[in-house]
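Dropping the structures in below, format is structure tokens.
Across the two complexes that follow, chain A remains constant while its partner is chain B and subsequently chain C.
Presenting the complex of A and B:
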């Protein structure tokens, strides 16, 4: 075997990562430019920006609309993630015990998940139409029931999110169920444990890492939700479905106020980054615990 | 040891028998699939209706394929000012380009992160993960300015570069889990046989993770295809993609073309659906970034 000097061996993983790091730097360059915008007054109306310090932050943080869209985003994320988790776990359990239909349809479970969210939004927009949409016709709601009215728009966008992403939770949890060892169930069966006890004490703890991965992905994605909601309501009626990323879109793209929009986004990015760090550390602990329990 | 309790059998993987309970489960699952698949079925029906029938919500009609032709032809272009056929082709090229670059750049990085624990490797991986979760707009506004300066606004090159943000983290994270699972002894044996490290990687490690590479590439293609915000802001007409083109059919000035919208939606959804069904076996690992193995 040819000897490779130790310093070159130590360098090897770094050399292999260089191309990826270069691409990351390319993107980070844009990112830091965006952060730089937050201390300027850069807008289409003001192409020669100057330094304004914390003005944008004061403006955004003092804007009731920012807090309202933060609340809308949180409500959206909690409701959608919660519903998708409960439904997804239920579907996984049902598919696990279903005998005929489950086998037939299981492959089709992921179809909504694979369509672009924006196309899913288009599909539901057609179905939501009060006069010509199929939903009111099939559900017998007449032609005056408006799914995207002021009171219902947020719930309707959450419904679409549930339609798209429940399969994501379901297939992750189903994979978890299928990877479970049989022995603990057999042992606890001998001890005369009932279904609920087994579910709570055996299945749930062992499946927890799978559920947690699904919850993390869904919650993080909901915080920056844009595509389907934008197509369905564009944030309206009024500001009832204006999530943080839609609010930032309106500031920076519609109103061409780049600095304010970037500030909006940077604040969202901070929220997302901290949440991600925290949830990933929780996941790491859960996976180590599950690995310990399985061994 | 056989499981005796009826309840326990239901929870245990792989033990199935037709019971009253399983019939109830089947019915509940059927209800979900009706909800889940109805919108797709309805879109297909709507896309097959002619202009006179498009506003009816009934199921009986005489189907026609003309709408797909219209969407892909000059007439569709006149209605929406988007050349849908061109957008389909652009999407294919953009996504293929992004996937190829991601593989070339991502495979070595994934191998490094999967094989060695080196200073900064976890930070690098978390940085990648944060791309997956970061809100796109944070980089889009500066990129819009940079692209205009560089002259790559509304070009395929510009789209390929930015779609890296979507595809590379996916490729690196999925493949890292494949490389981690690969026993290091395999390459060590090759090294003992006098192979160089590079040759050991190319002839031993790489072929063994081929299924992972295929799955990562196809999933990355789907994710790039489905992206909406980047092409919405960073392209105009030349490099516009399917996702942006589909929405143009909704905004018809006054006149509604539900059937054409449905046809465009189906054309835009078809490639990811077909690809997803071909890599179904690997989807769990891919969708969860390799965090969950199945």
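Presenting the complex of A and C:
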């Protein structure tokens, strides 16, 4: 057998890591370029930009709409993630029994996840329509109940998010439930513990890491929500459903003010990054506790 | 460079270990290099690079449709009656010129997002694109559009039969601007060629009107009264549909038309300084009426309504009237196109207190990408698509309204027999049809803010104070 020269063998680990390095450079390049835009005054109307320091940050942070959008985004994220988690866990518990109906629902559950959020937004926009939408017809609300009015638009967009992503939480939690060790439950059963006691004292502590993973994914996604909300309301009525992403989109794409849009997005990245770090640390603690509970 | 040493296994390993930290540092440095290099070359967008040089002067000799036989171009379009009418004709262009055309379609909701991104990237992926006149105010200053005036004026590039002056003057003017504050439209380069256009008038359900003996209202107050009378929510029927979504497109059709007829203006100009006037007494009075009309006799979900929902409700028989583009309602009258096909008719809508029929226009135009590498072929396509012959053929389909007087007066009029009032309406408003907005580069931002203000008023905000707030913000933005 022909011996591979030593220099080639030495080079191999570096060559193997080249795709990953290129990928990371590609990501970092775009990221830093975006950050670089935040200190310029680059816009379509100003194609030869100059350095403006922190002007964009002052402009965005001094804009009441930014803070209102941040509040809307946070409210959306907390409400949607909370509802999806509660419903997702409940559905997972129901589906845990491997009956025929359970298995059928398990397969049906994935359907909303197979629909692109933009399409889901269009479907729900049609269903919300008071003139010919199915919801008002089925619920007997008449032709004047507007799901997307100022008072209801945010709740309606959250409802759509819950419809799309509750199955995601349910599937993740269901996978977690099925991977739990059986022994503690059998022992509790022998000791005469009831279902609720076992759920509260055994299943829930051991499931926390799975639930938290779902919460982290959903919370991050909700902070970045754009597509379904944009299709449903474009951020309106007024600015009722304007999230940070919609604000960034309007500045960058509609108004072609790239620097201000980049500033919006960078600030959103900071929010997501800090939140992610916090939630990951909570997850770590939960995993350690769960390991103790499951041992 | 790291020194290498032979391990016991025979593999070469670095003497100094590459740690995760040093690797990240190296990657960060690698990422910074192109970033800084990027700074040096600028961040794009300027109209001064080679890609945007006008190539019209390089075309010499006599005009020949076959001059670029074997060439191919890509055009970017949105699915629309104009595009649909022309799609079957593209092969005729290929037969005439030997140039292949690939038409890429993007839904209208996403069309300008795609176009903005592509033009800003200056890739020149599409040689020709559909655009509206307002977009010239945004795409022109950074040099993303080619000035077509040198192409029109070059007899080697343009056929003698082209007859540019045959295009309605208001449309030719609306696609020209010099991008200077205070300048009127009609100055500067010809940034696009009008292709199809629309006046904003009222389409109504004639069958219902005739059955109930309803006369067409001449004043805005009468129009409001009629719309309210026609509304019966229990029957899922309402008086009038018009746009209300959070978009600049809510302002420009019926709203801007009636706003102007009532004597209001968007801005007043003093030299190069503009002052927003959408909070004048006339403007506030009209805005209140418009929003109240939306509440009492408009679509229930008004704040999400764009033109497809409006015309859909007209076609389904839910809306008794639509105040929007004539060409948007036009297809609903075609046999089999809607439940109310054959039952519709048109009229100019209410006149202003002084009898004004001032009407805002929209024109879908064809523009050349300044970054195109195939400008001559692109111009041949634009020339053909906006020419008499192709436009005459397109009018037999869903193409309304043609921008050429000769086509309108010729083949298009012949198709209008089943469209009661369409021609009379057109003839009544055409002389006062033009872009009623003040041209300005912040058009989309400030006009979307205007739509947001309408939505806020619809949701209960006080009209006067909300419009004062809007005017203050817009004056500041537009003069920045």
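The working rule: the second predicted complex is superposed on the first by the 266 of 295 C-alpha atoms of A that agree within 3 Å, B and C clash if a C-alpha of one lies under 4 Å from a C-alpha of the other, contacts with A are read in each partner's own complex, and residues count from 1 in each chain.
The rule we apply is simple: contacts are C-beta pairs under 8 Å (C-beta built on N, C-alpha and C of every residue); 3 or more make two chains touch, one makes a residue touch a chain.
For clarity, every value in this text was computed on a predicted model and none was experimentally measured.
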First (chain B), second (chain C), both or neither touched by A:201: neither
Contacts of A:239 with chain B and chain C, given as first, second, both or neither: second
Which superposed partner A:146 touches (first chain B, second chain C, both, neither): second
Chain B versus chain C as contact partner of A:273, first or second or both or neither: first
Chain B versus chain C as contact partner of A:132, first or second or both or neither: both
More chain A residues in contact - chain B or chain C: B
Which superposed partner A:37 touches (first chain B, second chain C, both, neither): both
Touching partner for A:285 - first (chain B), second (chain C), both, neither: neither
Which superposed partner A:25 touches (first chain B, second chain C, both, neither): second
First, second, both or neither for A:253, with chain B first and chain C second: both
Intersection of the chain A residues that touch chain B with those that touch chain C: 10, 21, 24, 33, 37, 125, 129, 131-132, 231, 253, 258
List of chain C residues in touch with chain A within their complex: 4, 6, 10-13, 27-28, 30-32, 34-35, 38-39, 42-47, 109, 113, 116-117, 120, 138-139, 141-144, 233-234, 236, 238, 245-247, 299-301, 303-304, 309, 313, 316, 318, 441-442, 444-445, 448, 452, 455-456, 458-461
Chain C partner contacts - residues on chain A that touch it in the complex: 6-7, 9-10, 21, 24-25, 28-29, 32-33, 36-37, 40, 42, 44-45, 47-49, 125, 128-132, 142-150, 231-240, 250, 253-258
Chain A residues touching chain B - in the complex, by the definition given at the top: 1-2, 4, 10, 12-14, 16-17, 19-21, 23-24, 26-27, 30-31, 33-34, 37, 87, 90-91, 94-102, 105, 107-120, 122-127, 129, 131-134, 137-138, 163, 166-168, 171-172, 175-180, 182, 185-186, 188-190, 192-195, 198-199, 202-203, 209-210, 213-214, 217, 220-221, 223-224, 226-227, 231, 244-245, 248-249, 252-253, 258, 261-262, 265-266, 268-269, 272-273, 276-277, 280, 283, 287
Chain B to chain A touching residues, read off their complex: 1, 3-5, 7-8, 10-14, 16-18, 21-22, 25-26, 28-30, 32-33, 35-37, 39-40, 42-43, 46, 54-55, 57, 104-106, 108-109, 111-113, 115-116, 118, 121, 124, 126-131, 133-139, 141-143, 145-146, 161, 164-165, 168, 172, 191-192, 194, 196-197, 222, 225-229, 233, 242-243, 246-247, 249-250, 256, 258, 261-262, 264-265, 268-269, 272-273, 275-277, 280, 283-284, 287-288, 291-294
